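Same chain, two partners: subunit A is paired with subunit B first, then with subunit C.
Take a look at the complex of A and B:
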């Protein structure tokens, strides 16, 4: 990967503003100084990027027949949509019209031209690339992604769906989408990220970096679905900062990619903010899925709830590293962190480490992790009623996961996501 | 013969629990098994229904003349063996309604009958629920989750009524039921009595057998049937306990 990086870097079209060119250069420098992470580093202990490092990636060029992509990739027709294919913005696959007043939703490439000042002020201000080589690399390739800015008190009527289709033609390709979302005071929005890929092509690599800035009293519902092909690499770092009484309600649903690594950080920077992080990861074959989450309570009266569940089969490997940090003056914090893993095969592995670092004394925090198998008594109960053990296993697995799909922000999301889960478990649709 | 158990020996975790058990039940008959705690009643029920962890070391079990022990648990259920559990299992996340429909269709399929659709199922299950005076709201709840002890037992009999098995094994279905419920559940069970169905009713109490009047009562002690008699045996046991039989058998 490293050999041709500079060449690819130079092949990028000139940035719109000088500061953007500097920004990219600084990113590249930072990446080069940091180097690729090794398993000697604590937070990369279980995740090797060797195969990623050994693949030669290039930036995707050219378009794909759009209609064929549209067919099976988009979740919901009625959302506002912004679609990238191979990292390139697709106006025909996007629906940006009809946005209410006070809402700016743009492909990042446009925002870099028209919203330069705002971006200069906010981009990369909360997500620090210094300890994150892949975020640095994302900066080096700053070009495309999504920009969403909602003015104070505006409540969006429909969800926004960001659809990223990974695609390689011939050579393996990489995409470095960048997302910046800024919600004004008391603004409300639902943001859906959907990562998918076109089957039957070369391995590709998606390397996302996101910043969600939530002003006082704002509310962001967030859903991320990652279902790229098992040949692909998927990396994501996202940082959410919450001002007073802001709420971040997030659900990450991870099914795809051979290597998935997501770092999800939420920082409570003023009193009374609330973070709910939910996640569901399914890994099979030799998939490797790694979640690094951090909820940082910097100010008092914050609440957070985190529940991640994993289902690991075959020879899959899961990693969950969840941290809650409560700073000394973040009194009256209430926080819960839970990770539960269901192991469907003897060869599957999981490494889970939920961790509380509490420096305040008047807080209510709890954490726990479980690693379990399907319950033999439950399986027998099914069988004793004539239901074969195969179906019984799928049903119990579904039951384990379904809890996470029960209170999604938009009812209309429940059905498609439930369908995804069922089809992953080879269950028919009518199963309840 | 519906069920023939011959010199059955079975172990759990290497420990022998059933020690040469013989029992035969004809179609149309109801047999009761009584016996002290730990004598092996539930073990027998588990062995018959094919639960893992029970090893049959010798003897045989014929169900309608065929070797029952070679079948998987689900195959036994499809062949018509039903166990109402002493401790019904909770299955969070799976609705009672889905569970019963999947079960009914699995069994219908095995019988060569077409699957029931959602509407037919609902009508059928509601009819059975009415029989057992169960609120339809139990359909939407997760299987046995948070059910009271008595509700769980009633739910077992509901499944039995729905699946119409050939051999019904009821393991202490009366325990946990209040007086009124016992009557309702017993009536439900009685409504299933038929010339081509057999029942094996495990209980500690005479009261159940006053409602579900058995053709035979057997006393199981230390893995063997040590005494059998007619329904009057229940009165004697209630009065005198098990010691006199143990002495007789010794």
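Take a look at the complex of A and C:
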């Protein structure tokens, strides 16, 4: 990967501003200083990027629109949509018209031209690339992605769906989408990220970095669905900063990619903010899925809840590293973190590490983690009532996971996501 | 409200401000080798202890390996770099002729024990405890030995064991904690001066608690203890370890190693009360306690249980672990770790499940007050072939004061899906409601907090032998009373 990095770096689309070029150069430099992470590093203890490092990637070229993409890329037709294929913006697959006043939704390449000053001021201010080589690399290729800015007191009527289709023609390709969302005071929005790929092509690599800036009293519902092909690499780092009384409500649903690693960080920077992080990961075959979450309570009266569930079958490997940090003086913080894992096969492996770092005394913090397999008694109960063990297993697994799909921000999301879950578990739609 | 909080603060200061009660230096002649560390020093230590050849070789291997190692930095601790060449690696009370009774012991040493409240005579007469008192690295008195030897139990100082039972030492030394294990254990392997050795023969239930009191005395002497306990098939032993140390300005390094081996159906219960000098209120001085403790449940249905009450030391780095290789073996870890002022503790356990149907339980209670940092770091690992492994972990932290920290770092690594493991942790402060409830019934704030803290630690204290439980509660009172913010 490293060998031709300089060349690829030079080959990318020209920068719109001098600062953008400096930004890219700084990212490249930072990546080169940090190098690729090794399993000797605490944060990468269980995840090796060797296979990623050994693959030669180039930037995706050519932007042919494939009719087949349209069909299964979108979760819901009626959303506002912004679609990238191989990291390149597709106006024909996007739907940006009819946005209410006070809402700016643009592909990042356009925003870099029209909103240069705003981006210069806010981009990479909260997500620190110094300890994150892949975020640095994302900065080095700053070009495309999504820009969303909502003015104070604006409440969006429909959800916004960002769709990224990974695609390789010929050589393995990589894409480094960048997302910046800024919600004004008391603004409300629902943002859906959907990562998918077109089957049958070379392995590709999606390396996302996002920043969500939530002003006082704002509310962001967030859903991320990742279902790339098992040959692909998927890395994502997202950072949410919350001002006073802001709320961030996030659900991550992870099904795809051979190597999946997501870093989800939320920082409570003013009193009274609330963070809810939920996640469901299903891994099979030789998939490796790794979640690193951090909820940082910097100010008092913050609350956070986190629940991640994993289902591992075949030789899959699940890693969960959840951190809660409560700074000194962030009193009256209440925080809960739970990670539950279901191991469906003998060869699966789970490494979980829920961390608490508490520097304030008047807090209520807890974490819990469980790892186990399906309950024999429950399976027997089903079988004794004439349901074969195969179906019984799927039903119990479904029940384990379905809890997370029960209170999604938009009811219209429940049906398509439940369908995805069922098809993953080989359950027919009419069952359960 | 204002006055109440000032009063509270005054009370708090009075109580947390208690000086270390057991700080004093006994002036006796020490036979000390030159400071610094090199192969000659190691040869000198080995020669002074009249060790057989295999011991010297083992020490030198460890030393040569140690030179290649780097001090670990992953722990959640901060301390100034240690200059290992500035320490004295051997210090023993002047050699005396073999003593038959306690009357022959240097009266000044006996005086020290009396100050600590562990008069040997007293213990010998009144309690049913055999004491192998380690005074600055060399054992000076061992009691109840005859009674134990009737049962075939060997309980003696490590140096004595090396002389008398070299075959046992050679067979078991370093099998649980190899000399290559970690920086501090390797250092210990190279320079350890003494320690305790216990061997419980097949089918014997040790009739009394085996107990050792450690004491660090000569200035600048790093204390390197080595303990080896072997429980042969079907035996049972309960081992106690407790320590206090004199007040000292310069940081003292302590890097002990404890190895436990339990064969088929054997049980070892290892209890520790640690109350070394924690440094003064400004965090000056205090012991650096870098200890490697590990038990190997080697036999089927064997069981090792660690119980620790940690109140002392400026820095504690300690992870009593269980390696569960025998089928149906059981590992347990019960811990209360208290930190106050500028103390730092990074402690926890490792439970490595290798055999089938192995079980482990972890109960850890951390209490932090003042400006201290208290970290639980634990690992539960279930290996591929460890069918039906079971683990339950519970780690609770209590915070007193708004400048301290409580951290929980559990590592859970599961490679077998028949494993069932649960981990839970909570962090909170003493509940105002509970405090109010007790106070309105006429119980003083001090007593209320004591009650609540004792309740918080009860699960661990009840695992301690009775006399230790009393001492532990006392220690907790001294360290913490009223330290609520």
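Assume the second predicted complex is superposed on the first by the 430 of 432 C-alpha atoms of A that agree within 3 Å, B and C clash if a C-alpha of one lies under 4 Å from a C-alpha of the other, contacts with A are read in each partner's own complex, and residues count from 1 in each chain.
The rule is short, and it goes like this: contacts are C-beta pairs under 8 Å (C-beta built on N, C-alpha and C of every residue); 3 or more make two chains touch, one makes a residue touch a chain.
Keep in mind that this is a model prediction, so the values were computed, not measured.
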Go through the superposed model and pick first if A:363 touches only subunit B, second if only subunit C, both, or neither. second
In the overlaid three-chain picture, which partner chain does A:383 touch, first (subunit B) or second (subunit C), both, or neither? first
Output check: A:403 vs subunit B and subunit C. Expected answer is one of first, second, both, neither. What do you get? first
Can you name the residues of subunit A that touch subunit C in the complex? 42, 46, 328-329, 331, 341, 343-346, 348-373
Touch list for subunit C against partner subunit A, complex: 74, 397, 399-429, 485
State the interface residues of subunit A toward subunit B in the complex, per the touch definition above. 376-378, 380-389, 391, 395-396, 398-400, 402-403, 430-432
Considering the complex alone, what residue numbers of subunit B touch subunit A? 49-52, 72-74, 76-78, 82-83, 85, 88-95, 97-100, 102-103, 106-107, 110, 118, 142-143, 159, 163
